[in-house]
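Same chain, two partners: subunit A is paired with subunit B first, then with subunit C.
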Partner chain A sequence: MTANPGVQRVRWMEGGGPAADLVLSSRIRLARNLEDYPFPTLLGPEQGQEIIRLMEGVTEHLSAAGLGRFTLLRMADLSPLDRRVLVEQHLISPQHARNAATGAVILNDDRSISIMVNEEDHLRIQCLLGGLQLHEAWAVATRVDDVIEAHVRYAFDDERGYLTTCPTNLGTGIRASVMVHLPGLVLARQAGRLLSQLGKVGMVVRGLYGEGTEALGNVFQVSNQITLGPSEEELIDNLIGFTRQLLDQERSARERLYRENEDGVKDRVMRAYGLLTNAWTISSEEAIRLLSDLRLGIDLNVLSHVRPEVFNELIVLTRPACLQKLAGKELDARERDLLRARLIRERIAAALRKTTQ
Partner chain B sequence: MLCDECGQRKATVHLTQIINGKKTERHLCAHCAQRHEHEFFFEPQFSIHNLLAGLLEGWQPPAGTVQDLRCSRCGLRYREFARTGLLGCSHCYDDFRQQLEPVLRRIQGQVRHGGKVPSRAGSRVQLGRQLEQLRARLREAVAREEYEEAARLRDQIRQLEQRVRAGEGWAGTAGPGAPPGGPGSAPPGTAPGR
Partner chain C sequence: MTANPGVQRVRWMEGGGPAADLVLSSRIRLARNLEDYPFPTLLGPEQGQEIIRLMEGVTEHLSAAGLGRFTLLRMADLSPLDRRVLVEQHLISPQHARNAATGAVILNDDRSISIMVNEEDHLRIQCLLGGLQLHEAWAVATRVDDVIEAHVRYAFDDERGYLTTCPTNLGTGIRASVMVHLPGLVLARQAGRLLSQLGKVGMVVRGLYGEGTEALGNVFQVSNQITLGPSEEELIDNLIGFTRQLLDQERSARERLYRENEDGVKDRVMRAYGLLTNAWTISSEEAIRLLSDLRLGIDLNVLSHVRPEVFNELIVLTRPACLQKLAGKELDARERDLLRARLIRERIAAALRKTTQ
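Right, the complex of A and B next:
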């Protein structure tokens, strides 16, 4: 298996950007509604289609604005598998994937921009970049917003800002978030304590994959909770400030862990490497847990010969829908476990740095 | 409401779980919730909406008052909003203003937007400011008895007022991207319920 037959290139998965060792991606999402329609909660199928047609026209203007080539896809035209792939790549929400009646998504060619049409709000403009690049993602998202706004009338109020379906998004409509990999804090049993303090500073934390029941891959998503009052830049600065603190804590937790139990850490990392490069069949949960250990080992230079981006890529490609997309057919659980193991072996082999080959 | 687990402290975390159509609710205090935090972080049910609905639930006044309040444009009942945390249209913000303000204060801390303004609204704000300046200049011109200047300013003000009335800044007449049906495409009360 060489390139990604069947799975579209997604920019954030390629890694890179500042603090990319700990921050997998930065996302800016803007919630917007059109003035003349009820919110999606009360939107009929015909009105929903009207909005999609309206956005089809806007798609051409977006392509002309130099942010890439944009395509509008209707949920109804996508197979359930293709929709799940978009969910696993963090381009649409699970809720949106189920909305065949009025749902659509506009994507640019490197998938750094996605606009959900008729999700909880009429428009959810998202920009997703690798590493800690919230200001950069905001610059892109606000440009997309400006292009759209030149062609539609937004529901906006001087006092309350952008009017959103849920009052928790009111005002700026912005949700800035970072996906952070925090194995050090989890191993040091500090993650729970730290993350539960988030509410006090106006932040929210979620897991990478909502459907799981544990800290899958030690990846957490941290975002702003407040949207009304401060400006977008202030909210982003707050989140960046908080993320930097979290990263400092993670780095010192890793250092302490390595200092106090170097053999234990090395053993954990090498066992993960051994299993990942040899396992013949592997479940999604085991894969993600071991991949997190592998990445920790790469970051701590225990495994300096493996390129780190393999983690970002594999935590998404080993998910059920992406795997089936790669295989080009539906697979049962056993077949998925076999393919997952093969994919991991091949991708890690491909991620070995040239100097050691 | 007391915590389901310890039965001693006040429940501040409200969880609703729907598994295979079966709904269960749990109400925990912050202390007991901490022991279950891994569940909250990774279950989609623990969303901001649930938090909001939890807040609203605690705030609901007795039935027969605010409960029966409806949005005059989309018909959404306040009761429904309190259950889901989702509004029906932009007009709900006006019709539920009184009820929403304390909730907004609680979840957002502030109630005045301080961020980006769409350029269309921006030009409306600019027109307003321009108008204020012209009116001040008119008052000065009258005070100085410069009637020719005052007449010129008066005409300028009238022109500007007309532009404001025509809704400039909101592309008054349907702009290139205005919905095909125009504002009439979403007549009050015709939106089907969820």
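Right, the complex of A and C next:
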């Protein structure tokens, strides 16, 4: 992994983990609220600041827990650009980025843990790992949850479980999600049907950047909808089960595609590679579409000399805020398209496996 | 120049000559008929064969004239594929390729000279050189004409000059033409207007493969229409004059394009390069379009490491008959698209200038 000058290291973007060819990341998010404060919707700015100071104290305990060094960042202290970078890296929500009055985020050094303070709930504990690692992410999130709970009083009801602002999060307060790359199902025109069926079994499907965004680069976020009733482990096993089915179908779709039209698939992949490594200017949409084709080609061994993680890295780094962070200044659309093309050329060149050692 | 296995060396495809960046080739064609035979339209097969035998005798004299070794090929002895290859190399006309009964062609070894026997006229003497070399081509064609005239009796009228089947060729029997690459004027949407104006001054504009074909790859053939009246030298000077004007306008259009949209031009060129060097399958139309962009990029020094002649070579070699000749067998459209892509990848790789000597 090459360093990202100007953009912090984010663990999930480095790839790796089980089923990393299809699963970009696994995320566990816990919604927690503090007993002694009204829900954020009713919270005044003073109380919001109190919660931030409270969590600032907890940050030290978190750093002592062996999960990396934690830092609390106030939205008010971050530039709008830095906040948008955090959104693009999936570390805070777009709404949270806009909450300069009371918003804060606690991050560990490899960004595998992010705790939003005063988002829709007082605390949103998130653990984000590469590949299909929901149980691992759950274990980490639980440890973070335990450290915090040792120092604050959570709003908890013996019957209803963790109390949350939105009733859909009531109970376990957990949301588990996976980010999956499904170009085979999209190319075979099966993705829409399959993913809409997931809705019937309590799963939600979104695009790469959350609700309302289309599936850029054939990347989908699948998450559990239900939080009340089953235990956390059951919810996670459930999502893992559905994800495995989806992965099987994706693999079958890829095999069939390749078997039925090997030349067509190779052509698609090689053209994407040719354009990505040569284009002088490129839009965000075209880049992510071609990067998806590139990654498919790497997974199918059509392009065996390119390291796959370049996809995970570039689908984030080519977003507008990350680009401007890399440039160290605001860029207009034209400048972004030029820098995006250059960044892609350079990163793919750096991601070539050396043929001689 | 790498050898073309299966496809003979053709001098004009090797590029070079004055203004070779814009002028692919210069052609002089002389229409001649034999006094003792009716025009080809009225010629019986027996008489056609007589003319071929007569010219077979002349072939030896041509070989002795210091213009290379000449060979007479009967259409009847060539496979349909071999005839189509000659058409694609601009050595015979499509109509002539279909004349198995009485058609023949005399070629010298570098294919700079081709003499069609029993085409629309008994003899069509053609000299084809790279770059803007109309006077040079005229000098060669004249020498060929003189050698032939020493051994046959031309149909000639003191008042009307050389007698030809079609009155438009009457007089000098000469047609001079240049094949020019005008991507700048096409991109600036000025080509149509400029070229249609040429019609008003006795010039004819056609596409890369003669009448009725569109300007594939932004390559246009410009030739004189008038053969009666001015002398051969005047006709040639006339065409050179118009060509030079066209070249000036093309160069201005390129400079303006590059000045006004450098990034756009670079992007167009680099994408063409990326696709040509990576595509796994490619149609004839897409190939020639991208090859034109590639050549523009070489001329503009955007792509300084690719030798320009690869364009001249590939716009012919990627045509269906040449491809099949290279493959040594008939190919369906799918197979041609695959071979075309491979050939382009290989030839561009071979056309890279070595950075270290």
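As a convention for this text, the second predicted complex is superposed on the first by the 348 of 357 C-alpha atoms of A that agree within 3 Å, B and C clash if a C-alpha of one lies under 4 Å from a C-alpha of the other, contacts with A are read in each partner's own complex, and residues count from 1 in each chain.
Just so we're on the same page, contacts are C-beta pairs under 8 Å (C-beta built on N, C-alpha and C of every residue); 3 or more make two chains touch, one makes a residue touch a chain.
Quick caveat: nothing in here was measured; it's all calculated off a predicted structure.
Counting the residues of subunit A touched by each of subunit B and subunit C gives the higher count for B. By the touch criterion stated above, A:Pro18 is placed in contact with neither subunit B nor subunit C.
Judged by the touch definition given at the top, the superposed model places A:Leu216 against subunit B, while subunit C stays out of reach.
When both complexes are overlaid on chain A, the residue A:Gly241 reaches neither subunit B nor subunit C. Of the two partner chains placed by the overlay, neither subunit B nor subunit C lies in contact with A:Pro80. In the overlay built on the shared chain, the residue A:Ala150 is in contact with subunit B alone; subunit C does not reach it.
Of the two partner chains, subunit C is the only one touched by A:Asp267; subunit B is not. Touch criterion met: A:Gly229 reaches subunit B, while subunit C stays clear of it. Shared contact residues of subunit A, touching subunit B in one structure and subunit C in the other, are absent.
Taken in their complex, subunit C has these residues touching subunit A: 263-264, 266-267, 269-271, 273-281, 334, 338, 341. Those residues of subunit B that touch subunit A in the complex are listed here as 34, 37-39, 41-44, 48-49, 51-52, 74, 76, 84-90, 93, 100, 103-104, 107-121, 125, 170-171, 175-183, 185-186, 191-194. Considering their complex, residues 33-39, 41-44, 47, 50-51, 53-54, 57-58, 94, 120, 142, 145-146, 149-163, 165-168, 170-172, 174, 192, 195-196, 202, 204-207, 209-216, 220, 225-232, 234-235 of subunit A touch subunit B.
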